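Across the two complexes that follow, chain A remains constant while its partner is chain B and subsequently chain C.
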Partner chain A sequence: MDYLVAVLLPQLLHGLVFGAALGLLALGLTVIFGLLGVMNFAHGELYMLGAYAGIAVVGLTHSFWVAMILAPLSVAALGAVTEIVTLRPIYRREPLYGLILTFGLALVFREGARQIWGGDMRRILPPVTGSTPLLGMTYPNYRLFLLGASSVLLLLIWVFFTRTRAGVLVRAAVQDAEMLDGLGVNVPRLFTLTFAGSAALAALAGLLLAPVFTVYPQMGVEMILLAFIVVILGGMGSMGGSVVAALVIGIAQSLFALWMNPQRVAIAIFGIMIVVLIVRPRGFFGREGVLE
Partner chain B sequence: MKRITCAVVLATVAVLVWVATPAVSQPKVVRIGDLGSKVGVFEGYGKYQTMGIQMAVEELNAKGGVLGHRIEVISEDDETKPAPAVRKAEKLILQDDVKLLVGVVSSGATMAVMDVTKKHKTIHWNSVSCAEFMRTTKFHKYYFSNQPDSRMQANGLAKYIIDRMGKRVYIFYTDYAMGQSDGRQFKTALERLGGEVVGVAGAPLDTKDFSPWFGAINTANPEVLFLAFAGTDSLRLMTQLHSFGMTRKYRLAGIDCFLLQQDLASIAEPMEGFVQLNHFSAYNPDTNMQAFNARFKKKFGVDANIAAGAYDAVHFWAAAVEKAKSFDPDRVALAHEGMCLDNTHIGRQCIRKEDHQVVMDMHLYQVKGGKNLPIARIAGTDSIGEPMVGKDPVEGFSWELKKKN
Partner chain C sequence: MSRVVTWRALAAFGTLAALPALPGIPTYYLLLAFDALLFGAIAMSLDLLMGYTGLVSFGHAAFYGLGAYATAILMERGVLSLWACLGFSVLVVGAYALVVSYFATARRGIYFALLTLIFAEVVYTFFRYTQTFGGSDGIQGLPDAELWRGVPIDTPERKYYLVLAYLALAYATCRVVVTSHFGRVLVAIRENEDRARFLGYSVQRYKMAVCLISALLTGLAGAIYPIRSAFATPDLMGKVGKLGRLLGPRGLMPNPKTGTVTPGVGKAVTDIKGGKIEFRVDRHANLHFVIGKASFTDAALVENYAAAIDEILRLKPSAAKGRYLRKVALATTMGPSIPVDPGKTRGLTEEPQPN
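And then the complex of A and B:
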């Protein structure tokens, strides 16, 4: 019983917090993939840029809350320009072009950040301080805020995709963009806005996790692998699947860390992915025809 | 025809003389290699290593270089990994023909590079890494160090912790060469002095979230939490320990390279009260340290830190070359042995002949208001321990906890 309360439950909470934030990052990735058919290798760098943009905004305004609005917006603007200038010309080409292009963009963004902000690790102070006695330990209030904020954001995104016209249009475009084009919807603009929205989500995840994990140019590289696993596990292009998979990965990672070296945890996570793909080749909620 | 031939020959000679003249008038150059982490978890140390080398080289070149040769520095990034470190070391030695290699930062990479410098008979100075194998089983005649290794650090720190901080200690270390070494040596020293290790845990290098280990630490209920981490790991760990209320719950102590002074300002609050072993601090009133720091700050605009030991490494090597009157590695290595220098960044220091370790005083600092303030000094002769070249420094060691009644 002691073990359950003192060890297992706190780990479960750590996993939930991390999984919810990972869900935000992975959701943007899966939407871009579902809609544009592009595995965006630069998504991790948009996550990183969100954190750096947050540092810049906090430096100017001394407000994390303002940064939560302005940082995602600035990264969304960068995402929109990137989509128009680089991705739009290659949509009709093979997926490999998108892979190579976004891989190149990731390098450009990462080294650009290093040139602008330097390679040193930076820290953003959490806007919510203090801690709360919980499950026999002192739990940081910011992590509880992170869990709450990520959950609310995921809920809002679900409402957007299911209850708003714009959201329905995006889902329709995921299903059949040509049909939507034929119905008179400005599909290129929809693509641009969706890419920008996904970039904003990644940026928001980067900013929210920055007070926990700190900020440095390679931070995106380290998260993107997990995000890819989440997207694959959840089912390529499935938004609900990504959220479920993010929570599964977050909790699994946290619990496995109790019993094994974290380097082996990474192997175990890959093991989960392999087992799921053997049993369900399209992931938890993957649809037929996507990447097939 | 003869005139034409003569004119052509003269012209050719003139051209050759003209072409050759600049080469003859060029000062002779000797290259030294600066190998270290330039990006990533240990880049702070790599950058300051480079600064220390640059400063020493400028001073030496201003006095005519070494043995009439102007010194040129070639810097390479080892990516904080053994394989690239070995590759870059080979490049520096074989392609650039460096006569001295200073580096690297991570202990694992340094030990890998030691094989290269041994194979190619290159003078190798380590000013940052601290694994205990470097002056024992991995030692070779061309290797020198002015970084206190794990054994020296443990000897310096364990007694203070037991006397002043508490006897029940939890050891949390970064799970690679440096952290394992520091953890092992500290456990050995602490238990020898009557302390109790109530728990040990290792987290991989570059861990992002340390919270999975916090439950085990709390369950062990130590008085002191001993931390063997470095670089960005330390920053992240302290931030997270603080957010979980553990910096107030336990007394905290750490190794020589736990946190650079430059990083302290950003986590002053979590670090308040932290006891850290260091051989250099810009806030130490020692006149030598202050004088060195003033010169360093004037040149680079920032305070120096422990990685500036690379400055001394270059000066030791240059003095040894002058003494040997040659760049021949065997003669230079021999000239190093037992050498003392008065003007190092922490005053007079000598190289112990047997294991090429610089005998250095250890200072204990406590963080107060974002500054490392000195609280104790341990003579280098008390902490260095017996030479153990060729002997296994971890023989008989076990991570197993010894329960006390």
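And then the complex of A and C:
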């Protein structure tokens, strides 16, 4: 019982918190993939830039809450410009070009961040301090806030895709962008806005996780690999699947860390992916043959 | 001339073979040419996959790194025969590539790029955190390999010809592959995978085969790499852009470990002029550094000592538990060392107060 409350339960919650934030990242990745057919290798760097933009805004205004608005907006603007300048000209080419392009963009963003902010590790102080007694243990308030914020965001995204006209348009574009174009919708603008939105989500995830983890130019690389695994597990192009898979991976990661060297957890997570690929190659919710 | 070997290729290889005979060519350029040829071979093997079959691999760094580690691990344990090292590398890389290529080609489209990348990252993590294989330092200070007993590959010329021979082998392999029926099928798969399948070709088997060939060629390049520079580190994987790092251990070149190979040259120079010192940790968790020179005044030395200790304590990772600094000792170059009380850092620079 003691073991349950003192060790297992906090770790389970940690996993849930991390999984929810990972879900924000993976969701953006999935939508972009469904829409443009491009797996965005620079997504992890947008996540990293969100954290750095947050540090910059906090440095200027001394308010985490202002940063929560300004940082995603600035990264979204960067995402929109990137999309218009680099991705738009190659839509009609093979997806191969998009892959290599975003891989290059990732390098540019990462090294750019290193040039501007240096390679040192940085931290943001959590805006919410203290801890709350919860189910017989005490849990940091900031992590509870993180869980709440991510859940609300995921809910809002769900509402956006099911209840608003813009969300329905995005889903329609995933299904058949050409037909949508024929119906008179400005598809290039839709693509740009979606890309910007997914960049903002990644940036927000980066900023929200920054007080828990450290901020450094390479922080995106680890996350993007996890996000890729999440997308593969959830089923390519399935939004609900990515959220479920993100929670599974988040919890698995923090539970594995209990029993094995934390540095080896990445290998165990990878083991899960291999098993799922053998047992169910299309992932949890993927349909056979979709987006191949 | 046959379709496989062209006059142009023969002329190119002839020129390359004559390169070391040029009068007055510096050793440095020979070693640079070594890198160029090696990476040329890797680019060719990657082109088999990306150019001819249309599969984007982000995981070739792992084949390269595994090959390098296989060689380095054998050489570190006293096996100096080139052929044993290469053979072992082929086995290791081949086994790994078989698994990767199976999973990566099982589904179509984006999976190949993603899975090769994720597999490569796992290999990187494994070597990065496995102390048996040197952890993040990698395996360094290897002896020269032997072509056969008593013939070490020690001079830059011999190393150059080794890599040239490898390049010729890789080129010939790629030529044979792309001019054969097998190569035509690969192009067909790139152009229209469904049609190739309907024509009765087992697409996955072809993809796996070309993936295996490409992986083995890259792995062999990796296996040859430690022979050139005598060390393998986890950073070999993925960071092909940072070649400066690899030029160090012979003492021929500025070394990134001391910060003299850096993108910010101006900053490095001002830092060193301003008295920047480098910390070094040895295998037994001792920290070594220089706090001054004989020409410094006593006060300056004490001040440097205090600043260094403060800095070490400031850099202490928050996860470190217990006493961080256990013992401190001071020594002159080649002189005996004197233990110092590590607890005293503050107020060292003030004059002792007469009481």
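As a working rule, the second predicted complex is superposed on the first by the 283 of 292 C-alpha atoms of A that agree within 3 Å, B and C clash if a C-alpha of one lies under 4 Å from a C-alpha of the other, contacts with A are read in each partner's own complex, and residues count from 1 in each chain.
The criterion applied here is as follows: a residue touches a chain if its C-beta (ideal position, glycine included) is under 8 Å from a C-beta of that chain, and two chains touch if they have at least 3 such contacts.
None of these values were measured; they are calculated from a predicted model.
Colleague: Is the arrangement of chain B and chain C around the shared chain A a clash or a fit after superposition?
Modeller: clash
Colleague: So, A:P126: does it touch chain B (first), chain C (second), both, or neither?
Modeller: After superposing on A, A:P126 lies in contact with chain B but is clear of chain C.
Colleague: Considering only touches as defined above, state whether A:L99 meets chain B (first), chain C (second), both or neither.
Modeller: Only chain C; A:L99 stays clear of chain B.
Colleague: Mind working out whether A:M236 is in touch with chain B, chain C, both or neither, as first, second, both or neither?
Modeller: Only chain C is touched by A:M236; chain B is not.
Colleague: Where does A:H14 make contact in the superposed view: on chain B (first), on chain C (second), on both, or on neither?
Modeller: It touches chain B, and chain C stays clear.
Colleague: Under the stated touch criterion, name the partner, chain B or chain C, that contacts more residues in chain A.
Modeller: So, of the two partners, B touches more residues of chain A.
Colleague: For A:I274 in the superposed arrangement: first (chain B), second (chain C), both or neither?
Modeller: The second partner, chain C, only.
Colleague: Using the superposition on chain A described above, determine whether A:T214 touches chain B (first), chain C (second), both, or neither.
Modeller: first
Colleague: Of the partners chain B and chain C, which touch A:Y142 in the superposed model: first, second, both, neither?
Modeller: first
Colleague: Counting clashing C-alpha atoms after the superposition, which of 94-102, 184-192 or 202-210 on chain B is the one that bumps into chain C?
Modeller: Answer for the clashing stretch of chain B: 94-102.
Colleague: For chain A, give the residues common to its interface with chain B and its interface with chain C.
Modeller: 261, 263
Colleague: Which of the residues in chain A come into contact with chain B in the complex?
Modeller: So the residues of chain A in touch with chain B come to 6-7, 10-11, 14, 18, 114, 119-123, 126, 131, 137-140, 142-143, 211-214, 216-218, 222, 254, 257-258, 261-263.
Colleague: Which of the residues in chain C end up touching chain A in this complex?
Modeller: Interface residues on chain C, with respect to chain A: 50, 54, 56, 58, 103, 106-111, 113-115, 117-119, 121-122, 125-126, 128-129.
Colleague: In their shared complex, at which residues does chain B touch chain A?
Modeller: Interface residues on the chain B side: 38-40, 43-44, 175, 202-204, 207-209, 211-216, 218-219, 232, 235-236, 239-240, 243-246, 249, 263, 266-267.
Colleague: Can you name the residues of chain A that touch chain C in the complex?
Modeller: It comes out as residues 33, 39, 94-96, 99-100, 103, 225, 228-229, 232, 236, 261, 263-264, 266-267, 270, 273-274, 277, 281, 291-292.
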